[in-house]
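Please find the structures below.
What follows is a pair of complexes built around chain A, which joins chain B in one and chain C in the other.
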Partner chain A sequence: MKVDYKEFAEFVCGRYGISIEEAEKADTFMELGMDSLSIYSVIGEIEERYEVVVDTDDITDINSLNRLYQYIRNKVGK
Partner chain B sequence: MRLALAETVAEKIKGKFNIEERIDLQESFVENGMLQSLQIMELLFELEEIYGVEFDFNSIDLSDIESPRKIVSFINNMLGADKVTLRDMIKCICKEHLDQIAITFDAEKISYQKLLTNIENMVVNLMEHGVKKGSKIAIILDNCMEYIYSYLSTFYIGALPVSINIRWKKDELFRVFDDAEIDFIICSQQAGNILFGKYVAEYSESHGDIKKIFYLKENQFGDRGELFQSLLQPRNIEEVTLEEIYPNDFAMISYTSGTTGMPKGVVLKNNDIYKISKYSAEYWARNDSPLSIAPLYSAQGFLSLLINFAAENEFKMISSFNPNDILKEVSKCENTMIHTQPTMWTLLLNCRIIDFTKFDGLKTLVVSGSLCSSELAKRIEEKLNCKLMNAYGLIEATSVVTMTRLDDSEDIRFNTVGRAIPGVELKIVDENHEELSKGKIGELAVRGYNMAGYYNNQEKTRQVIDDEGWLYTGDLAKFYDEENISIVGRCKDMIIRGGFNVYPSDIEDYILKMPNIQTAAVVGRKHEVLGEEIIAFVVVKAGKDLTERDVLKYLFNKISNYKIPDKVYMISEMPIILAGKIDKKVLMEWAENGIPAEKQVLFSE
Partner chain C sequence: MILEKIQAEENFTEADIEQALENITLMGSCCTRIGGIKICIYDDKTEILAWQCNMADVQDFDVKLPTIISIEINKDNKIEKINLYKKFKGSQGIACTGKYLNRRMRQILLGEVFTPNNPVIKDSLILFCRHIYELVYGSCTFLEYCKKKEMTKGLVQEITQAFSTETGLECVDRIIVNGKESITKIDINNLIRNVKYNKQGKIVHAENIEIIGYEWILDGQWKEIRSLQVLEANSNSEYVMKLMKIISAYWIKSGKNIEIKEKFYFSQIWGPTFYGILSQAIGLVMFNKNYAYFQHCIYGIQHTDDGRPLCIGVVDNISEAEKYFEGFTVDDLY
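Take a look at the complex of A and B:
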């Protein structure tokens, strides 16, 4: 299953009510007002939608839209 | 400065007189023939040594000392336990251990001498700026030593710290400032992700009654701004005349919720905080060196600060909440006790480096703050190879109400939140507040160290505390056995997400301010890591269009980030019970199992 960037970005940003532009500009999700807990709540849906299992230990590192996308893309495979 | 515990006395009796059977803490050992008068005398001599008291053997009545509970009551009376204030506790503990290390904060080791000196310097400097007994001081800081100095020096003066949740947005902050009638503020320019400095500047500009603002780095407050560091300038405590503090005097105000609508500031009393700190310390950390992980603005944070300080044995706090940093600190093996809340425990256990973390010397683990499932409790004990104590409490009861004990069986440790700590009474009641028989599920009511009330809010106080002083906790519980209780649910409308208490009405009030919203309701849903997630259900006005994203976008900069719903469902109508009240039980069921097709609202994207 391929992970389309635009679709992924819309999904994640839509969940948080932020624009893709804002998410791409920010270094981390924290800058957009989220915290590490918010990320846990979206991971479940990402796991379901893309049929992957996310190692919760990795979450501290995947704290921006781009890093999250790369991580999921790698997990799913090309 | 120890307080006597009945369990400790019972242990002493067993050890000293080689008694193997379990000692009932209430039963008279004279009546049951367990101890002879001479043995009781020997016991008392030893207790004199331990607690630093002197019995007047000529005037003691046997009935005063014939059971562990009675002995303890007698000793604590002699120690004047009912009279101790936080100022007394701070002075007494520091002076008893001057040369020893009190706190390790990040890399800094601070002796009791240095702690006391800095506290007293800060007391004199604060008083020179007009702080006095009863002054309300808002504190807006990340975890740091300055926070600890702020708390302890404020308690010393008899002023009231008002700790500010560093997730609050401007509205919430101002509402609390108003409600608490703040006189002084201690703040940094930024705490967490929020630039509080500019909010404080804005508020103080229109509120001339804020007398001084003590800032950490940058002065954004004109001539009312004072550098925090200047408060630590060497002074002499003799320079000031301190007002007397009495045991029932207010010690602090902690805001629990209702930061939309009417905020609720829980007012706590000196002697209650002292007793809870001391008793909890006896269970958690006697001769132990504790490490607690909690934000200092929260009840969990400031109470573990005081409990660990009351343990009179070097305790540690660190500024980072990153699980990797915490485990690295744990690996130094400088602490014998670790304490934090369930979500943090889960994050620590899920951390890859836990398999490389050293846990040498660990004696006790403690979990508190929200319900710890038996699965999580087992995981914690297995991974760290150490017993876990479970503590339950609520800020309206000052904090700890029940605790399991270290020598409890696995059954009790994993399935209950333990039994009452000394001074606390419990009962389980039905909707009419009538006591239920043991084993039945009902609402937990407690009495002992209850708050003085919600600040300036008699009405809300009366809703939770009755005329006999019973506090109705809003938690559903039952007696698991004769003394231990289990929490089985909640009847109050509250969600605990990642350790944060979230009141649905806070979120609902905001959503209802959006145009085109007909009704909104917020419930919790179980989540493996967070404990619970926040689920919002929204009914849009007929003919109007609104998506989940619109709702989240609206809320995003208005309320604290931990209150943002994890999911918003648009539905066609709310389930209702009698009198038009929203049936949240049904909503919780929908959140768990899916919304019936006919209630869903579908959009064409």
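Take a look at the complex of A and C:
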């Protein structure tokens, strides 16, 4: 499965209720007012959608749209 | 036991649930949550009854917060009617009123398409109450599950109990989905003296917390689901997300036990929901059931790092309620 950036960004931002532009500018999701529970929920949905498993130790590092995209893309590519 | 009683009575009503919730007790646990969803799909409408009751042993008193919601979905799959039951007690400060929360829920949800992909249904903060969100989102995902299975009736019931142990907690969950049952247990050890709270009531440091989960198998024994996991965290967000990630393995296993292959969100051991139960239980264990500390822990989980309240129950005063919660006025209290 290939991870298309536009589709990925639309999915994540749609789930957070934010624009892609906002997400791209922010250093972290927290900066956009997201709490840990919301971030976890979205990561859970991404795992299901892209059929990957996010490692427990990595979960706090993938805290922005770009980092999350790169992480999932690498996981899917493996 | 409420589960058997309800299971046996197919035509039970909101009044029956109310009565059953009034009669339940903590049964030796420090924290218990009972929940359920009943769905009836007809040709022209769908009726849903969803309930949840949180109980905690605070200062050696049983504290109970029951929440019951009834929903009617029309043939276009839109919310036609939705109601929070009249005896909603609120859980925290005086701003946590059924009058306001019911109005808010109707304002936001009436006419909305009842599907888990609807951003309004998914939004965990928009209803200003975590319990109401869990019942609405849980009902929506359970309805979708029932439709996929081509069922016209659905019933899920669950009881989650946390027991205090010498070094932490033992949490037992029993879920019955359309007659299929799964019982799981999660032990959290090395808790005492290994977690640190900050002034806002958030856990900001955890070390060497041992977490291990089991399932109850047919021959009456606990079988390990996966090997011991150790939780270490140096910030609140790290703690929250790692804890949820670890416990999600047991939630997924529980789903498999009842033949649900995909992730399912109508269970109390889904990470974000279970986190709330665990946080209450950990607060009770850590601070010897002290009422003020217990409330302080709830305050911690319901605030952002910059101090914004996430549910109306945790505001410091009425001005804060008016500031952060759209449409709230002091008249809602009377």
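In this text, the second predicted complex is superposed on the first by the 77 of 78 C-alpha atoms of A that agree within 3 Å, B and C clash if a C-alpha of one lies under 4 Å from a C-alpha of the other, contacts with A are read in each partner's own complex, and residues count from 1 in each chain.
Heads up, the rule we're going with is that contacts are C-beta pairs under 8 Å (C-beta built on N, C-alpha and C of every residue); 3 or more make two chains touch, one makes a residue touch a chain.
As the structure is a prediction and not an experimental result, all values here were calculated from the model.
Looking at A:I18, would you say it contacts chain B, chain C, both, or neither? Reply first, second, both or neither.
A:I18 contacts chain B only, not chain C.
Based on the superposed arrangement, let me know which partner A:E48 touches: chain B (first), chain C (second), both, or neither?
Touch status of A:E48: second partner only.
Taking the superposition on A as described, I'd like to know which of chain B and chain C A:M30 touches: first, second, both or neither.
Both partners.
Just which bits of chain A does chain B share with chain C as contact spots?
Residues 14-15, 17, 30, 33, 35, 37-38, 40-41, 44, 56-57, 60, which sit in both footprints.
Can you list the residues on chain B that touch chain A in the complex?
Residues in contact with chain A: 167, 193, 322-324, 343, 347, 350-352, 497-498, 527, 529-530, 533, 548-557, 561-562, 564, 566-567.
Report the residues of chain A in contact with chain B in the complex, numbered from low to high.
So the residues of chain A in touch with chain B come to 14-18, 30-31, 33-35, 37-38, 40-42, 44, 55-57, 60.
Please output the residues of chain A touching chain C within their complex, sorted ascending.
Interface residues on the chain A side: 14-15, 17, 30, 33, 35-41, 43-44, 47-48, 54, 56-57, 59-60.
Which bits of chain C are touching chain A when the two form their complex?
Contact set of chain C toward chain A: 119, 122-125, 229, 235-238, 240-242, 244-246, 248, 262-263, 271-272, 275, 304-305, 308, 310.
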